[in-house]
């Protein structure tokens, strides 16, 4: 399943747009006029729109509800939406020009913006979208591209993708309110700070050698790079637009690398390769792991894995019990000192890599106006809310986020606070994955080397490791330019 | 002497059992994994699942909403059978001609096919894809059959080696009797080469059966997928289903083997009728 | 028994014949060409313009129709797209497409591809054109001499007899040309363009000459990695081919022993392995050797420490596992083939050897091996080629690592994996094509040398 993993990693994580969105959002009025000539407002008659949705939405039945509702409403106009029935990671740039692509695609912003560079997706008249004002500027910015000095928007944000922490409430120690809540804010320390998580992982494993606290494959660049960002690391210079400068080793990012190594030391060897990425669902379900990191769209998968363990109950009861015990929350905070073994004096927020998923319309569509109608329909309050409820995603619409509340709202806030670093929109970003994975594999492995073999003994060692990774990335970018 | 013989037999059988174990164990592991009740590979104890059920196989064939395995299976069967028939025909024809006829450019063809095989094939995939878009053969199972069959003659060397061992004296005798080359091929050599035909058919059936790069490239629609592509598109949590799909994909080849094994092994040796 | 291999008795030797013909031809041709203008009738000359007219005149109607049809088809093709395709091959497009403003532009890559295709069509037409002139001239001479020309039926019969090789090979050759040769030419030409990176359609691609090769030479990144990987690649190809080959033959011999009962049963186990698609086997083995896999689970259950069989420090163990897994996958088919061949050896050889007092090993070395080497040489070679370009094994077992000292590769990657990292993963097609061209030249030279020297190429009839 390696290939698949790579594909998922590449696609789901090549997120783009400038970091630091929110405050400096472009004036929407400026953008307004820049739409494709394809949208002349004349609805095509008797057309079938092929929509490429993501697998989870299809599997959980949301997509069927969506197209049923759409088809019912627009049957009289002769417009019909169907499943494009293609692989969710199909490449529009390869299929579209020859007439084999879908009309409407749902994808992460980096993928859509990669298409936008080749003009494979159409710039949209975004002021026609119902939730235009409800979606924050930073989310819109993720879909903006500049061509000849004009700004175009090529997608409609639907939901925010960022790493979140999943943990089992029922596996918290019974006395956590006394022993694991130092600041008495009613949030257990282990899910509030990484220091707490570290200590709890040691304790849980010491009590029962077959059980673990926090578990996550460290080699995963998408999830691990956030630790470097938290201490000042960045991917490319000039707000992620200048690939000649690679900044994963900038400022104090070595601290992040060390924290990862310390976290690896409380796991087992499984964190060196992809093992935990694939077994986290079932192991969290059977209680072997207490917590792991994943993305919001995996909520339903975790849920069903927990349900499988409630054998005595009927389906509905099991579902309710699982919902009660599975908690999805934002990431714990990091100690400023960068050392999980010492007491922390000051906590800083954990940053993470992230993205915005949304709809876009193919330039090769024979029915752009009908496709636009579909996108408008699918991003209405009602449908987004339904999507959030059925799939557990974090919506990009403010009104839905606050209605759904909980983690969705927290993620929304994080996006607002710049704690979610959206990936660069330059093609050079494809060079960071393998060097990153190699480095993180190495520091994870180091936690299990004997003292004599250890490669990373002090911060300088981490520093040279990071430098080596950055060198690999910039050499690759320079050479292949 | 008999003591030595007994020892020999004992050693032979020990070796056989070891070999059988080496080849069978990973297969057994896959088979048992496909019957796993939990569906997750990480709930196994050591190599094998804790509890078994048929549920995965039932799901494989009934739960077709996301993964339409029966459909994929039929697609694969169609593609494999088609390219087996066409590919075997072309390969045998090529091998026979290269073995029996002496014409200008023969050695050049032999050398160039050798060299062409060295080119990293995936580098040409882009060109194949673009060609197929121009011929309108994307999303067509026929397109796949064409490509597999067209590539098959490249591997004619094994078959040529076989024809090389059929004595030419038979041909010459027939020629004196006034038979044309076409008749010599169809009436005399073809019946003699049953084993190699079977071997060729088996190999050219297996190749499309297990290839996933080409179908992935040319088949966009999910319900046109072959089993290999479909299995690769399975979600990573669905290990038991993956295993079940893999076990079932192997079944036709094993059945084919047992049907053809006699022809195959005997056949190749028949080629050795000394002239 | 050694002399089996060396016996060069009565095999057909094409070289002698063809040389004679070659010597004769030029003189005849020169004479023919001069004489041609003088002797040929106006109709034959008219055939240069209107194919088939001479055939019509000399009452060879079916050929006239065929040639005329070919010319019409060619003109139609050229007018329809042929001319554009040929021009497109050189320009690679002039108008950039813009989907937003609905400007339909040129797709450089399609133009390159269809340009090559048009050259193939032109070459094919040229062949028929020359054939047409030749045949009409011959027809004229025959008519003048009063020789009756062949009827349609006779001509057709000839394609089943004397020219059977032509009719038999035409279909395979056309297929191979379109689906194997054309893509290879395409990729070779890509090495001389700037296709890749940000320059992919709708951007226009251009010819850049030898710039990509210059880049490879000038940039010091490629050289050391190339040498390191090539060394390992050669070692791998030789080791894995030898291992697969000898294990396969050994297994076949073991199963061929007289004392083994139920051969079909024992043989079924390797066949089972053969029946499971390679990528599934590879994924399964990768999982078995992974940190959370069953082997490590057992080690941990017995109080051991998990071993990273395939992780980033495990160069040697990964290579060994790669060899073994590849062996597991390839041995069954070699065994099946070898089984058949083994029973082919004339038993009298062994009996004679026994009388001479040769032991079992001597028999193997002197009889079995030379014979097997001869009959399975093609298999050995295709194994070598297949292993040299074995993409799947390390891609599945140990992908996603770049090692220090390597440029975009790990220490188990083969050249083809490196190529994949460069060209497909990163979309740098032109550089990838340039490297693959270099690799291709080296490897094909090696294998061609071995092949031409091999007895099964030089002495095709040894074991008749």
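Order of writing sets the chain letters: A, B and C. Residues in each chain are counted from 1.
The working rule: a residue touches a chain if its C-beta (ideal position, glycine included) is under 8 Å from a C-beta of that chain, and two chains touch if they have at least 3 such contacts.
Since the model is a prediction, treat every value here as computed from it, not as a measurement.
If touching chains are joined by edges, the resulting network of the protein chains shown connects every chain directly with every other. When the interfaces A-C and A-B are ranked by C-beta pairs in contact, the top one is A-C. The centroid of the Cα atoms in chain B and the matching centroid in chain C are 18 Å apart.
The distance from the centre of chain A to the centre of chain C, each centre being the mean of the chain's C-alpha atoms, comes to 44 Å.
Here the CA centre of chain A is 41 Å from the CA centre of chain B.
Among all residues of chain A, those that touch two or more other chains are 1, 3, 279.
Shared interface positions of chain B, defined as residues touching 2 or more other chains, are 41-42, 133, 232.
For chain C, the set of residues touching two or more other chains reads 292. Within the complex formed with chain C, the chain A residues making contact are 1-3, 6, 36-38, 93, 97, 117-120, 122-123, 268-270, 272-276, 279, 363-364, 427, 430-431, 433-435, 437-438, 441-442, 445, 448, 468, 472, 475-476, 479-481. Those residues of chain C that touch chain B in the shared complex are 12, 14, 17-18, 21, 109-110, 113-114, 117, 157, 160-162, 164-165, 168-169, 171-172, 175-176, 178-184, 186-187, 251, 254-255, 257, 259-260, 264, 266-281, 284-285, 287-288, 292, 294, 297-298, 301, 328, 332-333, 336-337, 339-341, 343-346, 375-379, 381-382, 385, 388-389, 391, 415-416, 419-420, 423-424, 429, 432-433, 436, 439-440, 443-444, 447-448, 451-452, 456-457, 460-461, 463-464.
Of all residues in chain C, those touching chain A in their complex are 97-102, 107, 197-198, 200-203, 219, 221-222, 283, 286, 290-293, 296, 305-306, 308, 310-313, 395-396, 399-404, 407-408, 421-422, 425-428, 431. Of all residues in chain B, only 5, 8-9, 12-13, 15-16, 19-20, 22-24, 26-27, 29-30, 41-42, 44-47, 90, 93-94, 96-97, 99, 101-104, 106-107, 109-111, 113-128, 130-131, 133-134, 146-147, 149-151, 153-155, 157-158, 160-161, 164-165, 167-168, 180-183, 185, 195, 199, 203, 206, 209-210, 212, 228, 231-232, 246, 249-251, 253-254, 257-258, 261-262, 264-269, 271-272, 274-275 touch chain C in the complex they form. Touching chain B in their complex are the following residues of chain A: 1, 3-5, 55, 58-59, 85-87, 90, 94-95, 98, 100, 277-279, 281-283, 286, 301, 305, 308.
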